[in-house]
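Okay, so subunit A shows up in both of these, paired with subunit B first and subunit C after.
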Partner chain A sequence: MASRPAVAAPELALDHVAALSRAAGEDAALLAIRERARALLTPLTLPDRARHLWRYTSPATFLPDGDPSAAAPGDVGPAWRLDESLSAAALLGGGGLRVIEIGADARAAGVVIEDLHRAGVADLLGRVVPAGHGFLEAINTAAWRGGVLVRVPAGVTLEHPIRLRLVAGALSLPRVLVLAGEGSSFEVIEGHVGGGAAARVIGVTEVVAEANANVRYGLVQRWEAGVIGHLTARARVAAGAHAQLSLASFGGAEFKADVGAVLAGEGAAVETFGVAMGGDAQRFDHHTEHIHEAPRTTSNLDFKVALTGAARSAYTGMIRIAPGAAGSEAYQENRNLLLSGHARAESIPELEILTDDVRCSHGATVSPIDPEQLFYLASRGLAPMQAARVIVYGFLDQTLGRLPQTTRERIQALVAARLHTE
Partner chain B sequence: MNENARPVFSCNGVHVRIGEKEVVKGVDLAVLPGEVHAIMGPNGSGKSTLANSLMGHPAYALTGTVELGGEDVTALPPDEKARRGMFLAFQYPVAVPGVTVASFLRAAVSAVRGADVPVREFRKELLARMEDLEMDPGFAGRYLNDGFSGGEKKRVEILQLLMLKPRFALLDETDSGLDIDALKVVAKGINAAASNDTGMLLVTHYQRLLNYVHPHVVHVFMDGRIVRSGGPELALELEERGYDWLEPAAVGGV
Partner chain C sequence: MASTPTVADIGSDYNRRYGFHDPEEYFMRTPKGLSHEVVEAISLLKKEPEWMRVFRHKALDIFLAKPMPTWGDTERLSSIDFDDITYYVRATEKQEKSWEDVPENVKRTFDRLGIPEAERKFLAGVSAQYESEVVYHSVKEELTKQGVIFLDMDSGLREHEEIVRRYFGTVIPSADNKFAALNSAVWSGGSFIYVPKNTEVAIPLQAYFRINAERMGQFERTLIIADEGAKVHYIEGCTAPVYSSSSLHSAVVELIAMKGARIRYTTIQNWSNNIFNLVTKRAVANEDAVVEWVDGNIGSGLTMKYPAVILKGERAHGEVLSIAFAGPGQHQDAGAKMIHLAPHTTSKITSKSISKGTGRSSYRGLVKIRNGAHGCKTSVQCDALLIGDAARTDTYPTMEIDEDQVSVEHEARVSKIGDEQLFYLRSRGLKDDQARLMIVNGFIEPFVKELPMEYAVELNRLIELEMEGSVG
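Moving on, here comes the complex of A and B:
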């Protein structure tokens, strides 16, 4: 792969942070956050490969080639044809934001979709994913360019989803902040597209769900072949709030994701549903975390991976139940289906249960397609490739069935398209 | 059933090995359109192996010839046999989680008929056949065989038989694990398929299915061979006397 040896002393120039901030029209508070993140990276020390997060992927893989703060803004990219009912839609690319649409109902309800550089919310940035989260999060915090704030006021329910489309360029450092006011209810889908050979993406998304909010957040990655990218998407879920995180990974050459939630208030609930389909020589490294900090919180995770060709997948799933989180429940299931003798998958559950009085379980499997299933479908006239497609589709659809209808249908279509190109 | 008809299915000199072990030791059969044959035999006699290997299960090595409508299909993979009109109702149908009965059947019907069936037309036909089999319409949306009871699985096998309208169907122990009501429903489906000119080979351990489905020919299968063939009266004789009197030694080593 494109990774450089981790032993070489890594260098990272961040010489244009102030200029970037000024050009984007940011206030002093935001620049201060960037400067603090830059300080964390000086000098740059890459994480130890022995640490669980980097066991399967070299950190150097994701290091930008040049100074990420110097990247020149490009075109935002073409708008896309809206073929569905949306509350709002926005396009983020080339370091800029274009709000495509805010529906009349959403606008009347006070929904805000705006340029994160100028939104004046520095006090809210980094609360869920602080710059100290990791070196890539620090790079993003210091040098992100092109960001969107999604704010849904307290008590507002949106019937239709908010769709964000993020278009990858040669080097993209997008930043997304979703604020779900108390008791609000909506779905937001962050779709990653574009990129080309050796394009790099380091993205960070923060979702803040205030008390009793109900947020469905979807992260759909379908980059072009060749993209090397790392996405961090984390939610902080307050008392009585419910967050559903969905993850669908299809594209890129090397993709690492860190998706998770902190269950910060009593009675918070998080469900994470994910599917990943890899082929050829793709490398996926997915990490999820459900951090239970408050009592009587519940989390459930179901992540499915299907691999063809010589694709590789690593999945690490952390469940942490803090000492104060009595009465909590956490479930985790990761299943991997290998459609080729050259595909490989690993699955590592990581449980840190620091209190009694919890219910926690996990399960993981890595297996080829069951030959008895293939024979059964063949006996009904399905050719081997079609039978395999039906089985894989079903395998993934069990998980997709838990998602909101629109997202489910969209991901189903992506799965079907992917299956027909295999 | 037409006495002058050519067999819709025949096999000659069929031997089946599982690894080093020969399980089926020379079987000849000929089934006419609409004709029902029953293969009866004790557990472990190789009946299920015969049914699965005739369909082309990859774990079994079959020698001899298998013909469908006069065409030699011995070497064809199971999906091609199915598209030529052959069907196997499984003794233990496997679950395919995430795939609904309706979507699976639509894919199968399209594959076997060689053309996509319009959704509305398919749905209408599916619901009609489900009603014939006294199945709740909600079944169409359930994942195939996933969490089904034994009886539900067998009904869904017969539902597939009726939807796919094969020329020849192997039914492997379709009567096992059924209560009497389910048995009657399944028998009704089998009879409907037979009246539709499907030739059938019922593999069964018990005689009770034959109270509701009347076979034209009964074969007794023991130790990998057909040791006796006869009319329906043979089934009744087996019911009364069991299989012991037909042990190869007892009949002089057939």
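Moving on, here comes the complex of A and C:
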């Protein structure tokens, strides 16, 4: 029962917030949000590690070395050759936004992709992930640089996905806001690439799904080796809306993610599907949350982790059903496959159920490759290494099979590539 | 046993039968509050050896230095006023030798608890703890012949100091947690059992515990050692009178199962709703040993109890089977821990909980597999039943797996009593409350069937009582 007191943290300087805001051309309302977030960080208190959220990863890991608000814009992001059909594409790198493409159909339908600094949507920022969410979210809110607003008007259905590519620099604090109008239907993929040894990322994404919207949001993290990053992606889902959140984690040295949704309106539905592949000395720490606040809401979560080398993964998941959310259903599943004697997995799938009219279950497993499966594949002439690949692919594919086609194909390709380099 | 009128009536009149309290008649009690003087007084009074006196004082320093837990039901925990508790009360002057010598008021307590006279003869040593010290203690002659030691902890320390000193505090050191430190400083009573090599204790050993004095902590200390190849089943049942202000119960139970030994520890815990039940229970299972905790939590205001097995030797097996019933205003924060240190160790946790009214039950568990402990298998299953839309259930399982050649499974399910189930039973002519009771009984059946019959009967009665008025 020994408790670990909150760690006394080094001071975090945030001296250039006003200058940052001015240089980015923001309005006064946005600066006010930044200043309020900065106030939350003085003095800086790091979270108590007795709580599960920070049990396996030290909060100090993600603190920037210098003043994050002072970071000078880096080089212009790298070129990006599009080789697929997209409704829109945008690149966020070097602290700035470059809109690569908005398809004619999307443009005609009124889809907006623009610089979040100048979008004049201060009243919509922080509604899903307020600065008080956590200290990293507060740092992002105070000092984010480079942001994109995606707005799909009510009733619009997009045939092709919207792709966002976020390129990590030495220190990146990207911010994404996705607004899905009533009854809209589309897919948006947020891909994180780039970075290098000791690069830091603190990112926040908010997704607002209005009534009856259908949003497929994908978060694909494939940073270069050495990146230390924390990404928060949260959705607020209104009545009758459906949000599918998919998460694929491949890169970086140390990655912590906080992905989740509030089912705020009656009949809202959320599915979260994730895969993580770790090798070498990578450390992953994923947290998911499904908060049922309204009656007759349903959520489903399936998160799979495969680890080789000395990789470590921690997964903490929370399903909370509030007193008013009668008639709700929630399912949560976390499976971990350990492919080496030095890999390590932690799993804490949590439930907090505050009303009785619910159906709720969760399951978690940690296991090695089933020797019987290996034997079977060997009997079909597969070498052990090949057989292991087939099994891992199959293990992850059960989850990937539930994703929308473009995201699925993308992640499947990444999984296959990763398997062949192991 | 079911036909014995006294047993059959258990639970039918809770307040009268369990809520009574005898006027307090004490030969010795320490002043309220905790200090080195109180600890010194307890040790002096018990005429303990020097090492135990030092052990208590060190433990008190640890208790005072440790902060309160920052997890769990911190709101309720912070309402404990450690200065308002009497840490030691002794009911009678000396250890009674036979039932006839037990004072009248104590006997009356047992009568009202409904322990039938005949049952005492059947059962092995009935070690009944009244207040902080064991007042009645009889060990069947066969046990003595077998070399089995079954004493209260104080006598154990006096008569078998060498064994106690060797094992006391080795499974749960004083510094383990704040409440273990508290117990180590002020412990009194509890059971001490030693079963020699290859000895099988055929009948369960039982002890009844009881808190009587208002705001009096009960800090029993139990140590059970099953030597190589030995086998023992220990049963502990608790009831307490209903009082208006809070009492604290903080026990420490240590089990040591040597190579090939087998220990089963069964508890039915039925404290009254104002009691804090903060217990540390842990076992060490050596090579090929089996340790089973069968744990039922019905009463108390707040229970925090996580029976643990450290699977230290190869092929050791640990099991926890528990039920919790959280009625209105109660919080049952219970769970289990399995620490796999050796290869090919196996464990199983089955936890069932029922939350009714504003009751809250939480499963909080840990499964840890150390690197190198290959071939381990472990499964955790939690089922929660909710009755009423204000009921709450939480599941906080933790799995820390540091080895790849293992199989770990966790499953949890939450449900309410289904309308289809009720409809089916009503169509068979059952009334609503009967139907509900039947469903609840079916839900806890896997637990009940592991209990000795008299406990199963008592538990069913208690559940029936708790379920009264749950319709509508």
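Brief remarks on what is shown
By our rule, the second predicted complex is superposed on the first by the 412 of 422 C-alpha atoms of A that agree within 3 Å, B and C clash if a C-alpha of one lies under 4 Å from a C-alpha of the other, contacts with A are read in each partner's own complex, and residues count from 1 in each chain.
Simple rule for what comes next: a residue touches a chain if its C-beta (ideal position, glycine included) is under 8 Å from a C-beta of that chain, and two chains touch if they have at least 3 such contacts.
No experiment lies behind these values; they were computed from the predicted model shown.
Partners subunit B and subunit C, once the complexes are superposed on subunit A, both fit on it without clashing.
In the superposition on chain A, A:V390 contacts subunit B only, with no contact to subunit C.
Between subunit B and subunit C, C contacts the larger number of subunit A residues. Within the superposed three-chain model, A:T157 lies out of touch with both subunit B and subunit C [touch as defined at top]. Contact with neither subunit B nor subunit C is seen for A:T42 once the two complexes are overlaid on the shared chain. Contact with subunit B, but none with subunit C, is seen for A:Q398 once the two complexes are overlaid on the shared chain. By the document's definition of touching, of the two partners only subunit B reaches A:A378; subunit C does not.
Here the smallest spacing between CA atoms of subunit B and those of subunit C, following superposition, is 14 Å. Overlaid on A, the two complexes show subunit B and subunit C touching no common residue of subunit A.
Against subunit A, the residues of subunit B that register as touching in their complex are 55-59, 77-79, 81-83, 87-88, 90, 93-94, 96-99, 104, 107-108, 111-112, 143-144, 160, 164.
Against subunit B, the residues of subunit A that register as touching in their complex are 370-373, 375-384, 386-387, 390-391, 393-398, 401. Those residues of subunit C whose C-beta lies close enough to touch subunit A in the complex are 66-71, 176-179, 355, 371, 384, 386-416.
Listed in rising order, the residues of subunit A touching subunit C in the complex are 1-3, 5, 48, 50-52, 323, 326, 336, 338-368.
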